[in-house]
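Each of the next two complexes has subunit A plus one other chain: subunit B in the first, subunit C in the second.
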Partner chain A sequence: MRSRAEIAVCLPILLGPFSLIAGTSELPLTAQPSSSVCTSISSTEEFLSVKGEIGQCGGRLIISKRSEPKTLNPLTAIDNISRDVIGLMTADLIHVNRDSQQPEAALAKSWTVSPDGRKYILRLRHGLRFSDGYPFDADDVVFTFQSYLDERTHAPQRDLLMISGKPIAVKKIDAYSVSFTLAQPYAAAERLFDSIAILPRHLLQRLYEAGQLMNIWGLNTPPTQIAGLGPFRLKEYTPGQRIIFERNPYYWKSDAKRQRLPYLDGIAAVFVTNNDAEALRFESGETDVISRLSVANFAVLERDQQRRKFRLYDLGPGLEYSFLFFNLNDLSSDILPSLKEKQSWFRTVAFRQAVSSAIDRESIIRLVYRGRAYPLSVQVTPGNKLWMNRSIPPPVRSLPRARELLRQAHFSWGSGGSLHDAQGQRVQFSILVNTENVQRVQIATLIQQDLKELGMGVSLVSLESHTFLHHVFTSYEYETAIMTLVDPDPDPNTEINVLSSKGGTHVWHLKSNNTPSWQDEIDLLMQKQSITLNLGERKRIFDRVQDLLWQNMPAVFLISPDILVGAKNRVGNFHPVILGDYTLWNVEQLFIHKEPGAERGS
Partner chain B sequence: MRFLLRRAMHTLLILVGASLVSFSLVNLAPGDFFDQMKVNPRISQGTLASLRSQYGLDRPLPVRYLQWVRSVINGQWGFSFAYNSPAGPILWSRSGKTLLLTGVATLLAWSLALPLGGWAGARPGSSIDWLTRGTVAVLLATPELVLALLLLLFAVRTGYFPAGGLTSSEYVPSGLWDQTKDITRHVFLPSICLAAGLLPLLLTHIRTAVSEAFESPYIEAARGHGIPFRRLLLRHVLPLAANPLISLFGLSLGMMISSSLLIEAVFSWPGLGQLMLEAIQQRDFYLVVDTAVLSTAFLIVGNLIADVLLYASDPRIRTE
Partner chain C sequence: MTLGKVPWLAMSVLAICHLSVLLAGFFAPGSFEVQNRNLAFAPPTRIHFVDAQGRFHLRPFVYRWVLRPGSFAEYEENQQIGYPLHFFVPGAEYKVLGIFNSRQHLFGTGEETRIFLLGTDAYGRDLFSRLLYGGMISLFTGLLAATASALLGLVLGGLAGYYGHWVDEVTMRIAEIFLAMPWLYLLLAVRALLPLHVDPQATFFLLIGVLGVIGWARPARLVRGIVLTAKEREYVLAARSFGAPDLYLLRTHILPFASGAALNQMALYIPQYILAEVTLSFFGLGVSEPIPSWGNMLNDLQHYLIWGSYWWLFSPAIVLVAVLLAYYRLFSFFKVNSFTF
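Our next item is the complex of A and B:
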């Protein structure tokens, strides 16, 4: 097989590049619906029946990925692409529905919580099988959590499973029941189970004992050695080109007609180099779905929707937010000596509020995002429907208010309109941006212009992403910076590391000797909400956190861009959402319309 | 034999030098592979520290260099942090694709340049000569990136060619012939683009070499003896002009590898260029060093091939 492929690679050289080009349009460029027949579910399996349009079995979906996955090991995967691909092959006990944003039963058919909120008992579905046909039971669940918690594995998700510094205790009750005991009550603990991929003990036990789990399931692992409980299983990986998945014949979800899902025969993910190449492949019809479009590509593709039979979707703002932050770190004077003076401005709340007031977010949205973004007052975006504090007013640009705030903080204007502090020092600082993100550079340029109107001298420093991160996280050699963070989940617990002063992504004040009183209050509130089990009470606590952020502005929150995606009309059950990879959250329900004219929009 | 041994020793020394320079420069760049994880609020600093230690990033540079050299000898070529696997197998699968692209492009460029440049040099002022000079001017004035983007746009708008990649998205291998046809369709546009970048250099050099050969007394004498033009060009002029062209051939091989880095990125060609770009962006330390060393190796091998060809074709070099 391999030798044939190698010969095929060499033949074009031997035959010359011209001789074979004509008449090649017969080669299939996109998925063709096949004539596969749906299988009915068996009575011995406890299926999960899902709602949605009844689809047609068969066909292969072609998607693109901006690079190839780096591993198929759920324990060590870090990058989003690897995690997305692994998500096709694996399943979790309780899953956060990407549409409703609420946890729901998955491999666990139900669960109970003890009155003190510390003990969870999960009841598993009976009769399920891994994609290699081997039965699934409580031993696999216990093994999975042991593997994630094993220090030798270095699983990044291990941190999630440590509550108050102690690992979650996992115990088998019987073949289909498992208990989980937490060191202390943890709000929304059900969400911890999401994306913890259940592993096949029968394949991995020996490797676990040998401490080798971190080396399993590389890209070259034969498909027969990989098994999961997801809708698809690995069929073939071609380095640098594509990865192909086929239907898992043992999948445990069904449609309303009791047909076993997934509908698709398989999925092929082709690897492209960047955003633009991804859009080109979609435009040329080589891929069926596109997961994240830039506004520029969205505008170009929008014109071709009818002619090329695809549809684009603007889902509104997701959970991504861009913000300008000031270097508030407590530093020794040998790091950027000039920074010390500037930090006295940055630490003044009125100064930060004035900067926020002077920034024209509407212009940023209009010019950088072509109207496809939302202005932010705090870090919680409108995409986070449950947790957004709606009493906080939307940001409005007001130069008179900005000037008033600066005046109150003893700033003054010299001849020529330049701004000076109480010591007569001209207000000048730089904004650090990641040069690879064009939109962030454009935002910085617009902010530079906005602040010039206040008399501030602002210069831009753009650095490549790793150098940028080094300056922000390690050397602290910057004055202000613009960054974007994406919450993986709408729940406030994912924000603890950003908002708490001891958090690893508390970027504006990573190195702190003392914190202002409002920050201490945020620390307490974030801690309190994480152990409060009553949803209404949690919401009130998190609203207060947002109020404190809005009043004290440790960072100036700017915008949240819209999520832009697209799919061919013939892809059925396509309902993109703002979480995860946006388009394939219900991949088991996606199908290819067979009859012409049956597609959406036709 | 001694000539080859001497050249092999030179090659080895240059590669060691290139690896040392690459190692030091990559190490000087701020940040490392794990920096990107710092923005993930779900990964703690403790986990990052243990990952750094596990992958040996906390060890001194000389120790890491020696470990890398040892792994090169073992055929592993260091370790890719991103792929969590030895870098060697990743490199080999990508190198073949880069060699395919550059091989086709080199063949294409030389197949066009030899007849065009040779004829233009033999008949200065002729219509072919004007055409050649015009082609050189246009290609020199067109940046490779612009040409690549234009070709890509052509592919997308017309649908005649695929918009990048090495094989079709939905390609199911059904036979050697179909595979070959599919790969040929994909290699066509990027190889045109690469060949267009090399063509001006080749045309200019070939034209000059042939033109100079025609002016030599030896050719004048042959012409005086009434040898027909075609025989004169093929049997006498081209061998005379061969030496600089063989050197140019070696150089062109190395140049192609460098140029292909950009073209591969534009056409999503799964070769070394794309791998190198990704490795640099991610600070995948050993993979960056490996791709840099491998690119150097290709350049050296190109020159080595040229030297061997010169050695075989020119008796004066053998005597030296």
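Our next item is the complex of A and C:
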């Protein structure tokens, strides 16, 4: 009997022009066998030697991306795909190791901090070159930070480089030393340097002076006009099909045998339309690595691991969390007039706690994520081992407690079991979800049934993603909504935007003038932790923030899904992590096994 | 007039489908919204005559599905207890034709267990019950919206053809605009303009209204053409010469002549509108959960896993195809026989 997986693989063929798979099959995009010879490093360059299995040089890795990058400009890229792709071509001064989650030396070989925590001096590696062969020095660093801080560029990272409203002052000390002065001490300031891609001054100085940096490096820019310090450089971009990178011959990392990295000759990223198409490509062997697998596809692919010579990984919960939040904004009466009275429920802490108590997170995990998720009490996930407040109890479903909370808040039940507020108004509201996200629609459907048991009438409103975001961030026309956010880094500073009432993604109080006292306290604590240099003290502050969120529940945190990825057995040094794009954080060390029996799992 | 071969099969399929969904509450063994969270993706319940010990039973019976330990959706029958099937059993309350309440169901096993003739969905909801209730939305959206389009087309086309001149000019130019519109995108746009929260009943009537209004142009053009011919017929001219008023002429002599074309169009529109509703619900823009429609039930089929693993989720697609084919067969019959009434 033909297996289900085989049937699934055959489907795109049977469907012909209706195939799920984007792009064409004209390109022989298969992982090429290793053939190149590794080059040894020169003595004039200060290499960074990395640990790991010694690999074999050559070969091309095929990956898939669910959409095309919007730009190759590190200054303006905001979407994940663009940033992932740019990450292959660029490097930063200090890099947060995605595995250890700690900052490590990168282009800067070392750094010192002044006793007051305001001044950082970074020593750069000598003899490094951009991917076009041009030397790298302190002028490039100063130019890079000038570019990011230039208001004309509109770089999203600019806000990160403003401490207490003042830009970080960057000064060249000598050709290989740069000082950075902060307006006030900043906790984990080393992490600020992560993902600030160092730009080639020799290529961009003229455009900077003309105020044109926001327009550089589009997808049509010839590869010769793009240079970076990353392990790869752009080779070819075919709209709608693929983007291909080749090895940067000047890359500055080496393995323990003093062989220059990366091992791979190149990387090809093919564009696919959706998660299913991505899984099909991986299953059929067209791609070597897959990140962000859905649980459903994981379940299908899991059965075929041995036969098709790939391996899947469940990395446990990452830094992604889904939550239900209430519209607590101060709104004029013309926006959803019916919302006003519902906000009197939403603003009652006991009501929000009752909703949380009534939600069966275990069912969400079992039915939506097939057991591959973790229930949440607050937004810090178990993946964030350092910053999670372990004194907060895990969420437990309790309808009696939910009823008791509602009773205390003067809600009552009518004859048919429907819930009414103190004014006799029936409790009915809608949950806004994003149609494209299947899991969130499923979560909302389960919550709808859970809350029905409390007598609440809940309806679902599903909108396509742009309209959904418009309702949440611009028009504020919604009652409650379900969203998912991913922290780029475990450090609490990345949460400021969400937790502080002035933050851009502070969804439950986006437009509120009268913040409650607990929110004021969270604002203060988030500010305080950002300037506290003592780690223990910062942890205590952030624990308190989590306590406040747990007690007041401005949002009902639901679950954190496991990170699911996979790679062919022939991909060496594959060690996925829960940060970034999960799979390519050590792309310079990835290699393709030459001998058929040598790979892992054979 | 001799009729071509009457499509009895198509008509029977349509009659059975419409009657079943009209009396969905009676035919469905359970509620369409009750979630059995321990029975997600349970396969169709098997109906037995022979029990685990090999004994034959005259009355069919079922075993309860039990989740295989450690699995996500693999089930086995608990053959310790069999539950006999009964006709006319009491169960969940429902409304008959939206008028009075009843608890009588055509068949069932009583309260102890539930029978899932077509298995369950991702939330453990009975697919057979949802298929019947979902048909109410999908089939009747098509039927009512097509009726609205045909009536509107009959009236506007009739007026345009009969009065001619500027009435004809204006009506036909507007009809051309409607014909040129990409109706699916128009539907999506109209749905987006609606208030954020529209309750399922309102969504149902809105869908009927929108579909009915945007589809009037084609029947109107056909009817106009027929009316242009009909109004020059001798018996119409004779009636006019005897002083018959316009309304009388239209009602008695002209529109009945054109009603065949309108009916023809209606038979063509019903499947198109059913498909339109299914499409909208499929994209999450029709009625919302937990109210079923064939469109939102088919939504699950977007996922790779479902295609290979849970074949019973295809049941709405199979019924939909059968209904559409039956309607197209009926349309062909009308077309060949050019009905007039």
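Heads up, the rule we're going with is that the second predicted complex is superposed on the first by the 573 of 602 C-alpha atoms of A that agree within 3 Å, B and C clash if a C-alpha of one lies under 4 Å from a C-alpha of the other, contacts with A are read in each partner's own complex, and residues count from 1 in each chain.
The rule is simple: a contact is a pair of C-beta atoms (placed from the backbone, for glycine too) under 8 Å apart; a residue touches a chain by one contact, two chains touch by 3 or more.
Only a predicted model underlies this, so the values are computations on that prediction, with no experimental measurement involved.
**Q** Give one of first, second, both or neither to describe whether A:Pro382 is in contact with subunit B, with subunit C, with both, or with none.
**A** neither
**Q** According to the stated criteria, A:Val300 is in contact with first (subunit B), second (subunit C), both, or neither; which is it?
**A** It touches subunit C, and subunit B stays clear.
**Q** Who touches more of subunit A, subunit B or subunit C?
**A** B
**Q** Once the shared chain is lined up, is A:Pro516 touching subunit B (first), subunit C (second), both, or neither of them?
**A** In the superposition, A:Pro516 touches no partner, neither subunit B nor subunit C.
**Q** Once chain A of both complexes is superposed, is A:Thr467 in touch with subunit B (first), subunit C (second), both, or neither?
**A** both
**Q** Just checking: does A:Leu280 make contact with subunit B only, subunit C only, both, or neither of them? Give me first, second, both or neither.
**A** both
**Q** In the superposed arrangement, does A:Gly117 touch subunit B (first), subunit C (second), both or neither?
**A** Neither subunit B nor subunit C is touched by A:Gly117.
**Q** Name the contact category of A:Gly127: first (subunit B only), second (subunit C only), both, or neither.
**A** Neither partner.
**Q** Under the stated touch criterion, which partner chain does A:Gly240 make contact with: subunit B (first), subunit C (second), both, or neither?
**A** It touches subunit B, and subunit C stays clear.
**Q** With the touch criterion stated at the top, can you tell me which subunit A residues are shared between the subunit B interface and the subunit C interface?
**A** 4-5, 7-8, 11, 280, 467, 471.
**Q** Name, in rising order, each residue of subunit A that touches subunit C in their complex.
**A** Touch residues, subunit A against subunit C: 4-5, 7-8, 11, 275-276, 279-280, 296-297, 299-300, 336, 360, 363, 366-367, 370-371, 430, 432, 435, 438, 441-442, 444-446, 448-449, 459-462, 467, 471, 477-479.
**Q** For subunit C, which residues are in contact with subunit A within the complex?
**A** Residues of subunit C touching subunit A: 33, 35, 37, 40, 72, 122-123, 192, 196-197, 199, 283-285, 288-290, 302-309.
**Q** Under the stated contact criterion, what part of subunit B meets subunit A in this complex?
**A** Going through subunit B, the ones touching subunit A are 29-32, 35-47, 50-51, 54, 82-85, 89-90, 93-94, 96-97, 100, 103-104, 107-108, 111, 152, 155-156, 159, 162-173, 176, 178-185, 187-188, 191, 265-266, 268, 270-271, 274-275, 277-278, 281, 283.
**Q** Where on subunit A does subunit B make contact in their complex?
**A** 4-13, 15-17, 19-21, 24-25, 27-32, 60, 62, 67, 70-71, 73, 76, 78-79, 151, 154, 156-160, 214-215, 218-220, 238-242, 268, 270-274, 277, 280-281, 283-287, 436, 465-467, 469-471, 473-475, 483, 485, 487-488, 494-498, 503-505
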